[in-house]
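Two complexes, one shared chain (subunit A), two partners (subunit B, subunit C).
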Partner chain A sequence: MLSLSHIISLIKFYLFYPSFFAVIIFPGLIFTTVILLVTIWFERKAAARVQMRIGPLYVSKRTGGLLQLVADAIRIVFSEIIIPNGVNPTLYVLAPVLPLAFSFIPMVLIPFSSIPQSGSVLSPYYYDFYDPEIGQGVLVGYFVEYNMVLVLGILAIIPIFILLQAWATNNRFAILGAVRESLLSVSYDVLILMAVVAIALEYHTLDIARVVATGIPGIIANPLAALVFFVGMIMGTGRFPFDIVEADTELVLGPATEYSGFLFVLAMGGGYIATFAYSFIFADLFLSGWAPLSGLPGALITSIKAILVLWFSVFLRSVYGRYRLDQALRGSWKYLLPVAFASIILGLVVGWIWIR
Partner chain B sequence: MTSQPEPSGLQVDIIPVQGELNVGPQHPGSGHMRIYVKLSGDIIEDIDLDVGYVHRAVEKLSEIRNYMHLIPLVERPAILDAIHMNLGYILALEKILGVDVPERAQYLRSLAAEINRIASHLYGTGILGIFLGHSTAFMWGFGDREVWVEILQALTGARVTNSYVIPGGVRRDLTPAIKEMIEKALAYQRRKVKDWYKIFVNNPNIRSRLENVGVMTNENAIKWGAVGPNLRASGVYYDVRKIEPYAAYSKLDFEIPVYKEGDAYARLLVRFEEVEQSMRMIEQIIKEIPEGNILSDRFFKQIPPTRLKKWWEGQKKIVFPGYYASFRPPKGEAVSRVEAARGELLYYIVSDGSPKPYRLRIITPSYRMIYVFKQLAKGARYADLVAIYGSLDYFPPEADR
Partner chain C sequence: MDKVKEQNPKIKEYKKENPFRLFTDHLQAVGAGLKYMISPQRITIKYPEESLSLPTGYRGMIRLYKDICIGCTLCALICPADAMKMVTEEGKKLPSINYGRCVFCGFCVDVCPVDALKETRVHDATFTNRRDLVFRPDRFSQDFDEPAPVEGVVKKVKAIIDEKKGIRYVPDE
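After this line comes the complex of A and B, so read on.
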């Protein structure tokens, strides 16, 4: 016999089931989409403030032009998709979808919060998402004990799809952009991996949730790794001053040159989502994620920290120009790689002395 | 003969070690021209500049127009440097006519020219900024330029293409309200230049993009015929304002910034220091400008008294006397040189005694930069193409005329 309250509790159970809730609603797909729009709004407004102008204001003056983003999104989504002659249409359409998908998949694996045994709306899932490393449940789409490795592995695939994108569009500027991406990806992936290895050695774990549960923010325990990770992150996601792959005055838009309409949104949105995913990792590893809260408020804290990191990285646009490819490569191999080694040594020492 | 394979869309002519790129004419970083780049890896082996996309036949058109009607036309090639384009033409024309220009008009010509120089340098810096991806410099360049363009509007009646300089003088007089505007603008720009140095000129990112990029040695600069700030950034002390002073420059105290390095960064620094020097000159002009008429007596006397009363005494504006409608200068030829914002600008007029010039030749500074650009880009990295382009302040319409 199903009573109304029973149905409601059933709906509530499935709605808040972490694999659905964390991935689709908060801080997953829907929340990410909203944040992306707000981020672009913030990027424009912050740049406008620096550049002595007003920024979007024409549509909805009262909300500071926030609706301009909706108008822009509608316009660009419904504009015509042009598929050039002489490309393989299947690959051409698939190529921008794949980087977007693989930018989003890490959001399934990143722990957003912990689940206390009782007292939280998420407590019923305590045992299903139990993390033996921290002795609590974690709010995560799919719990893997070695999520640190898996998340980075998935994010490291993206450059291959960007190469595919350039290959499928058959444009010389796109190919040049892809060459730059392939050269850059080698260097930034090394930096990010080494920073994360330093953290893993320091906290004696490959579980992101365990790092947060330790209670010591990574940025205090290992500032070098935080620096290396951040630079690797803005390099990998093409934020300024490393907007080298899509350098518009040199390469039109790099691998995204030929795309138009909704495919263009997908091609450009991948970068933002990847930045957001990296921001979540940064918030968890270096800014101690959901601490001091847990449950749903904890996920909110993690998201706010990640949004701050994301906004800081998009704000760099109004301060910096763009480095040259050889300068970025020299910077990462000559100057940042030694720092990354130093961060590993620092991680070993601190992990041996301080963090148990 | 080999059979052509079915196009599956998967063949890609992968950029070989040697490859070509068509940068422009529809490209965010090309301007109104096509840059045909031969790449070897990331290094530019050679570039061909396919210019002429905005050729408007100014020289040919000027053979079928009256001298007075030519003033708006010769401004068109470089609308953001209109005062200089105008001034050079009038100087050559005045040599044929043999007119004396009153002192006050000379000062006003220098004033308008220097205001225009600041506006033009800010524009060029803004373009260099966006070429390097620095959007703040782009917006600041255009935003600060607005201040000076507004002053030009108050002084001449138009933001660009001012047609301010006329044979024998200038069209409008300086009023106390404009003086006040200029003083405010000077204070603002001085404050703002400090911010410019903080966020753009001394930005390590911008410095690393510009230092040792597109290096032009002293000898090469002379050999390739560079002019203006680009020449002075290569250590050559050459400025028409000093070498062959026109307008009021012989009475003004100013310095010519010269740098030895010859790289893109030196060219940027020269422009910023010229802005400072221009502001010094503007200060001197508004302090020292002599009283008097702004049009040569020879033409001033021809203005009807009723119109003189209404326009000159009421609003300090010159109404054109009937003489200007289609005057016939004596036979002869004249050359004039002015230091435009981008460098030496040369006019050559041949008059055959008819109301239209027999021949008008303009050699613009950007035209002389085409060869410099081609030479500097050789051996640079592909990403440096835009840095060299922007640092030369090359302006395609000016080159194409």
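After this line comes the complex of A and C, so read on.
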């Protein structure tokens, strides 16, 4: 017969099982959704502060208008979903869901923390999530030894779904936005991949956890790669100054033009979640992730670093205008591509001399 | 055309930029943004709690003096937005105004030969539907004194030019 303590320990075992806990609860789905709301609030407040305004205030004055986001979310979620005539309804509904899903899937593969052999609440899963490269367990939804490649591969699929979104909505603004996305994606994917290749050569590994376990933050070991990765990241997720795809003064909302109601939330949320996923990669590769800690506190440290990166990238909205498409392409191919090459050479040299 | 080409044989599409200079410019921009982020210089007026005290000549809601009006229709003729319309009440022609159209140009006040129209100093008015925007002569010939829709202390402030911030607000009166 099962005793009560047995049941509780069973529930505890399955609750903290990394494939569930890391994906659904803590740095995963629920946490991400909360962070998403707070980030949009922060984005509006930061832009307002810099532009001498106040921003949302009158919904819950004491918290500085934090509930405004909840009110907006409720209003948008319950507004009508309009499906235009002459579109394929299945593809139309599926198109905003797919980029969101593929922005979130990398969160399953990014290591958030390491698991020590004993002393942590996660220690029972030490052997299930054992990473031979670092000699410890890792807190990750699904452990793959070459997760650096897999994560970037999944994030690189998103532009295709943005094209699908524009194609499915059959709107001219959307098509123009998709053309811009297709032109941009070739440039930012190259930058991100080259920065990551530089890091991989420098740390002699394709495992993100190994980079963190080395103990040297990538931003010190290879600042050029950090710069290139960050610019590629804000370019790829449509943050300012590369808000070219959704340019709301030129193309109503780019590929998301025709969407309303909950589908609009999904279409706009995809970019933010992709930024958050990239921020986690940035925190792990360049800011040495969970470095001094391990277990759940380590995951907290990683999340805080990722949130800081995310907030910095949304803060740029208040500083920059929007680049034209040709300016962005020129910037990435003419100025950042040589920097990316330099970062690879720097990575080779530093990896040869310093990091073993 | 050829002469121009001879004078400037090398016409570049973009001017040459120093990439290192570009990078420091970006850092400067982000730094300025962070500076404003940490110590914001807000110039927003929180309207229902405080409002700007306006100068004496600021045109506000218009009021009709029914007994003085001679019904000459000049105000309705000159109105550029078609806001003034003449209506006949008890055999007398009187103007009515639609604030949904009014642009507050003050032509009707200027043109009135007997000074039957006057600009009041009421500027804050709200209406819950479009029908209320039309003022028939009986309503038009009363002082507009509907209470403000939001409770709260209306603190009058005035704007002064500040060397550092640009605009600063100080309490008036």
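The rule is short, and it goes like this: the second predicted complex is superposed on the first by the 356 of 356 C-alpha atoms of A that agree within 3 Å, B and C clash if a C-alpha of one lies under 4 Å from a C-alpha of the other, contacts with A are read in each partner's own complex, and residues count from 1 in each chain.
Note that a residue touches a chain if its C-beta (ideal position, glycine included) is under 8 Å from a C-beta of that chain, and two chains touch if they have at least 3 such contacts.
Note that this is a predicted model, so its numbers are computed, not measured.
With the C-alpha superposition on subunit A as described, subunit C and subunit B clash in the combined arrangement. In the overlay built on the shared chain, the residue A:176 is in contact with subunit B alone; subunit C does not reach it.
Once the two structures are overlaid, the count of subunit A residues touched is higher for B than for its counterpart among subunit B and subunit C. In the superposition on chain A, contact is made by A:321 with subunit B only, not with subunit C.
Residue contacts after overlaying the shared chain place A:335 against subunit C, while subunit B stays out of touching range. Of the two partner chains, subunit B is the only one that A:89 touches; subunit C does not reach it.
In the superposition on chain A, no contact is made by A:150 with either subunit B or subunit C.
Looking at the shared chain after the overlay, A:240 reaches subunit B, while subunit C stays out of its contact range.
In the superposition on chain A, contact is made by A:167 with subunit B only, not with subunit C. In the superposed model, A:250 lies in contact with subunit B only, and not with subunit C. Residue contacts after overlaying the shared chain place A:49 against subunit C, while subunit B stays out of touching range. Within the three-chain superposition, the subunit B stretch that clashes with subunit C turns out to be 181-189, the only such case among 181-189, 199-207 or 289-297.
Counting contacts as defined above, subunit A residues 50, 52-53, 318-320 meet subunit B in one complex and subunit C in the other. Interface residues of subunit A facing subunit B in the complex, by the touch rule stated above, are 47, 50-53, 86-89, 91-92, 167-168, 170, 172-173, 175-176, 179, 240-241, 243-244, 247-250, 252, 317-327.
The touching residues of subunit A, counted against subunit C in their complex, run 46, 49-50, 52-54, 57, 315-316, 318-320, 335.
For subunit C in complex with subunit A, the residues that touch the partner chain are 19, 22, 29-30, 32-34, 36-37, 40-44, 46.
By the touch rule above, subunit B contacts subunit A in their complex via residues 7-12, 14-15, 19, 21, 27-29, 42, 129-137, 139-140, 143, 199, 203, 205-206, 208-209, 381-386.
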